[in-house]
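Here chain A shows up in two complexes: once beside chain B, once beside chain C.
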Partner chain A sequence: MIIFYCLLIFMLIAAIVAVETEKLLSSVICIGAIGFGASLMFLFLRAPDIAITQIVVEVLGLIILIRATISRDLTFITGDREFFEVVVSVVIVFVIFLAGIQVLQTLPDFGSPIFAQVADAPSNTYVSRGLGKTGAANLVTSVILDFRAYDTLGEATVLFTSIIGATVILRKKCRKKMEETTG
Partner chain B sequence: MLYALCFLLFMIGLYCAVVKKNMVKIVIGIVIMEYAVNLFLIMLGYRTGGQAPIVGQKDIAATGTELTNAFINSSVDPLPQALVLTAIVISLGSLALMISICIRTYEKYGTFDITEIRRLKG
Partner chain C sequence: MKGMTVIVKTITSWVKILIFLFGIYIILFGHLTPGGGFAGGVILASSYILIMLAYGRDFVEENLSLPAASRIDCLGAFSFAMIAILGLVFGGSFFVNFLFQKYLPGQPLNLVSAGTIPLSNIAIGLKVGASLFLVIVSLSICCKDFRPGTSVNKKKE
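And now, the complex of A and B:
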């Protein structure tokens, strides 16, 4: 229990530093600290698959973010937006904060999940019948690849769509050719 | 209390995404929000003293394919873990898309400052 508090407070400090520091590169490195803290936390929350995936995604995401900020760090942008915009934003954040506080009252206690109290929750079926129905010893694998395989298909579609979008935005060759012909 | 700390992490990300005017800072705020939501979903499925939802040799009952009650009563929830696995990978794709938009904007306008970017032209 103590380890969860320590990790969450570490992540909070890293998040505050990432938000408030001026250099973009240090901010990106703090994002890496948050990500690896989250990975450790997943490991202690008994989710080893998520921890492995989080480490891989974290490394790739850090490479992408550093690609965006390296050698562009000369542009220091300090200060926030204009006064009126800041006031409106802070009011919105405060309203969402109040709504979240209301939701926090209704949550179950930490350590007693909902599916243990509801008899016909789908997770009960996954846990008790997962091995017999799919033959996978890892129940998370049996959920993502058998019970909810269409979700994984949709995930692959979203991933390809976003990568196609990034390629279209970043490509240079065809755009130059088009500008030459029109100009 | 742990949920409250996780919600605080979410609020820091939201503040960063709403108030800052550097484009990369906004992306960083969105990334922090993604971490907080993933962590919250995994925490909802945690059981005190539970074990990972991976069936070992000793968890299979002697009769055959049935699992022992000890495993069923101590395993953490596998459903949020599966869905968060999907969400983490999707967040990588959306991060790549957002960063590529930032890089193109920088090439065109020479700054990350969103208050400077007012001219819209194809």
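And now, the complex of A and C:
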């Protein structure tokens, strides 16, 4: 349990530094530290699937962010925060915190599965009969590609649509046209 | 943008194939060991991103051009949808695991098992890898040409 608290404090410190620092590059590096802390936490919670995905996506996202920040001229964050925006953010965070307390009280104890409380939860079926119904030894894969394949189809559709948008907006031809019109 | 130093280029030429093989392993064994289509696809994309960072964007576009990556992306999405529709045709409902239930049960813990799940993993891996590669190459085009302030000043001069 101690290692989770250590990782949690590390991630909290990294998050506060990422918000409070003035250099954009160190803010991006702190975001990377939060991601690697989350990946280590998933690994210690015995969820290697999510740990692999988290660390790999974190590396790619960090590369994109560092490239985007290094090539920019504006690497310093300047300007004071406005009072009204700070108040609104604090209120929203406080409401989410209260809702989180209410939700977390309904969850089972740390480490115990949810079908210990609710007998006919769907995860009970996945764990007990997943191998016989799908033949996949990795139960996570059997859930995301067999039991809940609609979810994966939606995720793939979202990715596909966003890639189409990104390539259409960011391609060379479009960039040249934009420079011609603005110049 | 001609890439980095010769040290980075040499190490990249050793490491890139290992990263690519690890991505293929993660995709192919996704139904047996931790991993799967999404993580493996991101690893495949990251091997190309490493080449792009070390050698420059022009070198990587000779190996895997943007239209080819776009075609691989579409192929992955199309094959994943086709697996779902084949389940409707052969198994009776959308996304049913018809290969495991009727035609090719296979032994658990073997590479050929679990019916359509490895095929879906391969389709998603192709799709995710090609699309993330496309995103990062598009963003690097954006970063190269578009800097706030500089292009506007050139136009004024």
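In the analysis below, the second predicted complex is superposed on the first by the 153 of 183 C-alpha atoms of A that agree within 3 Å, B and C clash if a C-alpha of one lies under 4 Å from a C-alpha of the other, contacts with A are read in each partner's own complex, and residues count from 1 in each chain.
Going forward, a residue touches a chain if its C-beta (ideal position, glycine included) is under 8 Å from a C-beta of that chain, and two chains touch if they have at least 3 such contacts.
In this text the structure is predicted, and so the values were computed from the model without any measurement.
S.K.: A:I163 contacts which: chain B (first), chain C (second), both, neither?
M.R.: So A:I163 meets both chain B and chain C here.
S.K.: Identify the partner contact of A:G130: answer first if only chain B is touched, second if only chain C is, both if each is, neither if none is.
M.R.: first
S.K.: A:F4 in the overlay: touching chain B, chain C, both, or neither? Say first, second, both or neither.
M.R.: first
S.K.: Applying the touch criterion given at the start, work out whether A:L24 contacts chain B, chain C, both or neither, answering first, second, both or neither.
M.R.: first
S.K.: Can you tell me whether chain B or chain C touches more residues on chain A?
M.R.: Touching more of chain A: B.
S.K.: A:V59 contacts which: chain B (first), chain C (second), both, neither?
M.R.: second
S.K.: After lining up the shared chain so the two structures overlap, which partner does A:L153 touch, if you call chain B first and chain C second: first, second, both or neither?
M.R.: Second partner only.
S.K.: Across the two complexes, what residues of chain A are contacted by chain B and by chain C?
M.R.: Shared contact residues on chain A: 48-49, 53, 57, 60, 64, 67-68, 72, 131, 137-138, 140, 142, 144, 152, 159, 163, 166, 170.
S.K.: Across the complex, what residues on chain B touch chain A?
M.R.: These residues of chain B touch chain A: 1-16, 18-22, 24-25, 27-29, 31-32, 35, 38-39, 42-48, 50-56, 60, 65-67, 71-72, 75-79, 81-86, 88-97, 99-104, 106, 111-113, 115.
S.K.: Once bound in the complex, which stretches of chain C touch chain A?
M.R.: 26, 30-39, 42-43, 45-46, 49, 53, 66, 70, 73, 77, 80-81, 84, 94-95, 97, 100, 105-106, 108-109, 113-117, 120-121, 124, 127-128, 131-132, 134-136, 138-152, 155
S.K.: Which stretch or stretches of chain A touch chain B in the complex?
M.R.: 4-5, 8-9, 11-12, 15-16, 18-19, 24, 27-28, 31, 34-35, 38, 41-42, 45-50, 53-54, 57, 60-61, 64-65, 67-69, 72, 75, 77, 79-82, 86, 89-90, 92-93, 96-97, 100, 104, 107-108, 110-116, 122-123, 126-128, 130-132, 137-140, 142-144, 148, 151-152, 155, 158-159, 161-163, 165-166, 169-170
S.K.: Note which residues of chain A are touching chain C in the complex, please.
M.R.: Spelled out, the residues of chain A in touch with chain C are 48-49, 51-53, 56-57, 59-60, 63-64, 67-68, 71-74, 131, 133-138, 140-142, 144-146, 149-150, 152-153, 156-157, 159-160, 163, 166-167, 170-172, 175, 179, 182-183.
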